[in-house]
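To keep things clear, I will list the structure first and then write my remarks on it.
Chain naming follows the written order as A, B, C, D, E and F, and within any one chain the residues start at number 1.
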């Protein structure tokens, strides 16, 4: 029962596994990046959900509110999201250039071409 | 006075090293290049004699170049075994150079500059080994020696040469890095120092099992001593030009090996500890087996250089046995055998090279009757053979005598038997060669080709100098005996 | 006064919810992409409008909140046609053919296209 | 507390979101999916707004506004990508 | 002349931005307002660099007649929503999709865009293509298209531009 | 001013990076970057001095005291690694201008320097900061810059290598982020110093174990510990030569630092090495890395790839060192950290020179090349000798401590295995020696010239350092000893 109460961890774990699975199982480079994004997002949720204070509200300062959730994880994850976007953008830029020079964005094709080149 | 000794010690390593630069600079002019080689050789010899003199005058010193880690230094000292080794090497380098000039020109060899360069580098390394004040310094120069002789072994550049070179480097590097270095580190860990100290450096608290293991690691790790089963590099290196074989067998490489064995026995373990270790006996048998097996294998070789190579493996076994007997006489005999074997074996290789250059023959079965065309060469071969066997009137007599005495001292009768049997085998595989050269007993005229003459004069001069040394060592062994007999207790002379 | 505002809110929110769900049902029921766009339009226009409208009665005197609700509504109504149009145009350029007239009766055919 | 108008609306929005997600899954064409996601975006904006009132934190409206903006930009970006890729296909 | 044109639209942009800031902020301390001023100046600078300060981004000339049109459009919006909602609930029997092309009477791009967006905003009709003289419309029913063809929306948009 | 050094160390290259865009002209950008790098190096030298004299420095970013603000904390270990990173960056950057004229299009060179400075700032930031989340941020800054740098390689395989590294690196960084998050959840602090004090209280919990596992796996991915090394060989092989040199010399070192910092300072030796089977796992993986990677290296034709695999093997040694859990072992790791940077810096810079002339670093195109490029080849030989661990080179010093650590812990066979690993290095170095020295010069290379001075001088600077620090070990051994003691001290 206590396991069910910590449902946020289960969501994080499921998301993480989904992301990880996509990264590993898909040969398409864009899909891999999508998987990577999901993988990262799961961690964002982990942080945010652990910043939750029982009975606390969103940490936006306002009069008459005593209990806020912990704002620090939000701040941290804001940074992490920016980093994540940068990573995804860079990854996509790489995929564009890979597609230009290999003519494919399928892992198997690229691997095959590299092996032939060696 | 001290300063000049220090300077001599520096110069004896620096001169060959400077010769390397000189050889590179004069590489385009063979005469100049070989002049540099010879001059450097003579200077080194003079320096070695100078150091010997000063040693006799009672000068003792240790020079530290730098300290790598606390207590771990690169330093050099004067000590009788090292001086003996330096004298042998210093004497044989100019002679070998002289011989090499004749040989290399006669053979129209390629890459001669690289050859002389590496040769000089090897001598510099030998001097480093000889004067090392601690095991660490010795190890460094030991490795430099390996690396600098590799290009000499593969000199021909053929596939066979490369293969031989790989075996050479592979065995020497593997043994030295896996076992020698580990033994060195283990010694450092147990004793906290690597300095060569008369009587050894291990504290009484060091566990016997560990020290005994270290001894095994040392004997196996010093691959240059060619104790079976790590002897394969020596026959493999036979692909090298003859002067190189001479360098490897007589002057530098193998001698550095057995020198290290003697050094480790006396100054790392100390004879008392060495005699008491449980593994000493087994290693003694291993060395004995090495002596015997090498002699048997030598008998079966038709290629002269191969036969000489296995002969070397056997003779090195004698010296290792001498060290492991852990007696004064054993060390003395072993050290003297370094000198005796050096002069004898270098003569034999010079002869083999001379025969190859003059008669283009390398197989023993083709050498019947060769004595008529090359009498001087074959006579020298005969005398040098006597020295290897240990018969008068050659220097080999004394060293073998001391070794025999040492086996009696230590009551190692099995080893005594092995040494006697091996000497018999030496006779069987060496003496027939000059005998059949002069007396081809089936009476057939094997050689009728008139163009075969004696070897080129430089070679001939070189090999007769060494033969005379073999003989002189019988009559006047004093310099080497004085050094060899004081290795253990370090008695000062001239005081 | 409060009761009246609450009542207005209830009505607007319920109606908004109704249109929201109806729009979504249309999104599911309609036979092809172009017809589904009309259903989506229901959600975007009146669904969103009524819900935001309903919220406007609950601002409790905070005029900033009112303004924000208005700007959200304004923004949705301004941008929703633009994105719909862009989507439709892209679909047309990629050879998505709208089902016309009686073709919509044959659902199987539509699904396969 | 009873049933508040906001919770009823929230449930309605969630139900309609599920329907939209169903369409996104079913497709069949890419445009159907984009359409569904677009609608989903609008509904998310509404959900955030209503949740703000439900929780007594109307400050959430800022987030809703921001979300609407991002939703719009992302859809336009996606469409630009389609236009771009279609013109390239025509070149070939 | 050009200067006055740019100035007019810049001022209008600044006012709009200031309004957005003030109405959204709720915090009227000097620091926050100062930050707002900086932001506005920054946006104006960027917009000037992009060279889009004109009547298309700041349609001030439309403001006067805009609200009557909005009121009319709102009515249309409600009616068409009800209509489409009914058809959704009745199912596919109630729809009859058609595509038609309508002539546009607007003289400016802005006018045509307002027209096309109005068509799309009202459920039941979607502008799927637009060029200088006509707009292609996908309608859920024939009646929807016919209502547009009647031209009331077209006329009203032309009036405000 | 002096008290601002910790932050200046990081902020200087970080601020300089965007300024590259203003300078534009490649040569000027290079000089500008070089200046930045020189200043950074100066700062790190001052920092090391300061730390050695005054002890650990603490700097609160923006004046906000920890635990609320971000703390920059410099102890001997940080200072040591900071010096290593800035020194190697500087030397590599010296050669950059000449090298990239051949490998990177002129219009992209500005971006190269920008990414280089960013990457450097990231590395320095990871080392300087005392805040766990800050570590993640700098990790990602350096990683993003690294992906860019690798993708600048002239071969299209560079793109693919960069992409693969991006995927692996991001997974690693995300794992680290999870680890940090869980630690924060347990303790409510991100300050590494505070974490160290609060973690023992929750040492027995499953959450902390999870945090530890995630963090360690993430870092091991970043540092390419076998078998998580798959991204590294291609990345090093196809990146621009100068980038290979830079990464080989610094990137994995910083990851090792991170591992040490968390294992020893944050989690504590007691928890990390004694409480968990980590010691055995690391030891096994380290050894496996040494052997597997060395054996694979033997069969490589592309020299950059060869030395990349060798790097994986050397990382194995570093891991092995501290897995003994003794001061000597840790010293071996720290020494090898520095020494390996010198070796690989020299080797990859020499390869940059060869690439400049040949347009390739394939071994079968280098036959007899020693005749045409004697100084470059000699540099590789000396670097290789150092890699093997021959006395009087830096490689020997680290091997010395590594074997001693094995002997101290009584694991003689392990000592033997360490030395056997050296033999494998001998084999792949010797393959090179045989090809370039003992094979006839190939026709194609008969007109090749020695590498340009712009590359050759920095190369030899590192070669000389390989020998110098192999002989004068006072500085390196001294600092390593202090750092090792401080790491063990802070754990108790």
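One rule holds for everything that comes next: a residue touches a chain if its C-beta (ideal position, glycine included) is under 8 Å from a C-beta of that chain, and two chains touch if they have at least 3 such contacts.
Only a predicted model underlies this, so the values are computations on that prediction, with no experimental measurement involved.
The minimal number of chain-to-chain contact steps leading from subunit E to subunit F is 4. Using the contact threshold fixed earlier, the set of chains in contact with both subunit D and subunit F is A.
When every chain is reduced to the mean of its C-alpha atoms, the one closest to the centre of the whole protein set is F.
Here the two chains linked by the largest count of contacting C-beta pairs are C-D. Work out the mean CA point of subunit A and of subunit D, and you get 20 Å between them. The centroid of the Cα atoms in subunit A and the matching centroid in subunit F are 27 Å apart. As a whole-number value, the distance joining the C-alpha centres of subunit C and subunit F reads 56 Å. Of all residues in subunit D, those that touch two or more other chains are 62, 65. Subunit B has no residue in contact with two or more other chains. Arrangement of the chains shown, judged by which pairs touch: a linear chain-to-chain path with two open ends.
Applying the touch definition to every pair of chains gives A-D, A-F, B-F, C-D, C-E. Only residues 388, 390-392, 397, 400, 403-404, 407-408, 412, 415-416, 419-420, 422-423, 426, 430, 434, 437-438, 440, 470-473, 477 of subunit F touch subunit B when the two sit together in their complex. Those residues of subunit A that touch subunit D in the complex are listed here as 57-58, 60, 62.
By the touch rule above, subunit C contacts subunit E in their complex via residues 18-19, 22-23, 25-26, 29-32, 34-35, 37-39, 41-42, 45-46, 49, 64, 67-68, 71, 77, 80-82, 84-85, 88-89, 92, 98-102, 104-105, 107. Those residues of subunit B that touch subunit F in the complex are listed here as 66, 68-69, 74, 136, 139-140, 143, 151, 154, 157, 162, 165, 169, 173-174, 177-178, 181-182, 185-186, 188-189, 213.
By the touch criterion given at the top, residues 20, 23, 29, 32-33, 36, 39-40, 43, 46-47, 50, 72-73, 76, 79-80, 83, 86-87, 90-91, 94-95, 97-98, 101-102, 110, 114, 117 of subunit A touch subunit F in their complex.
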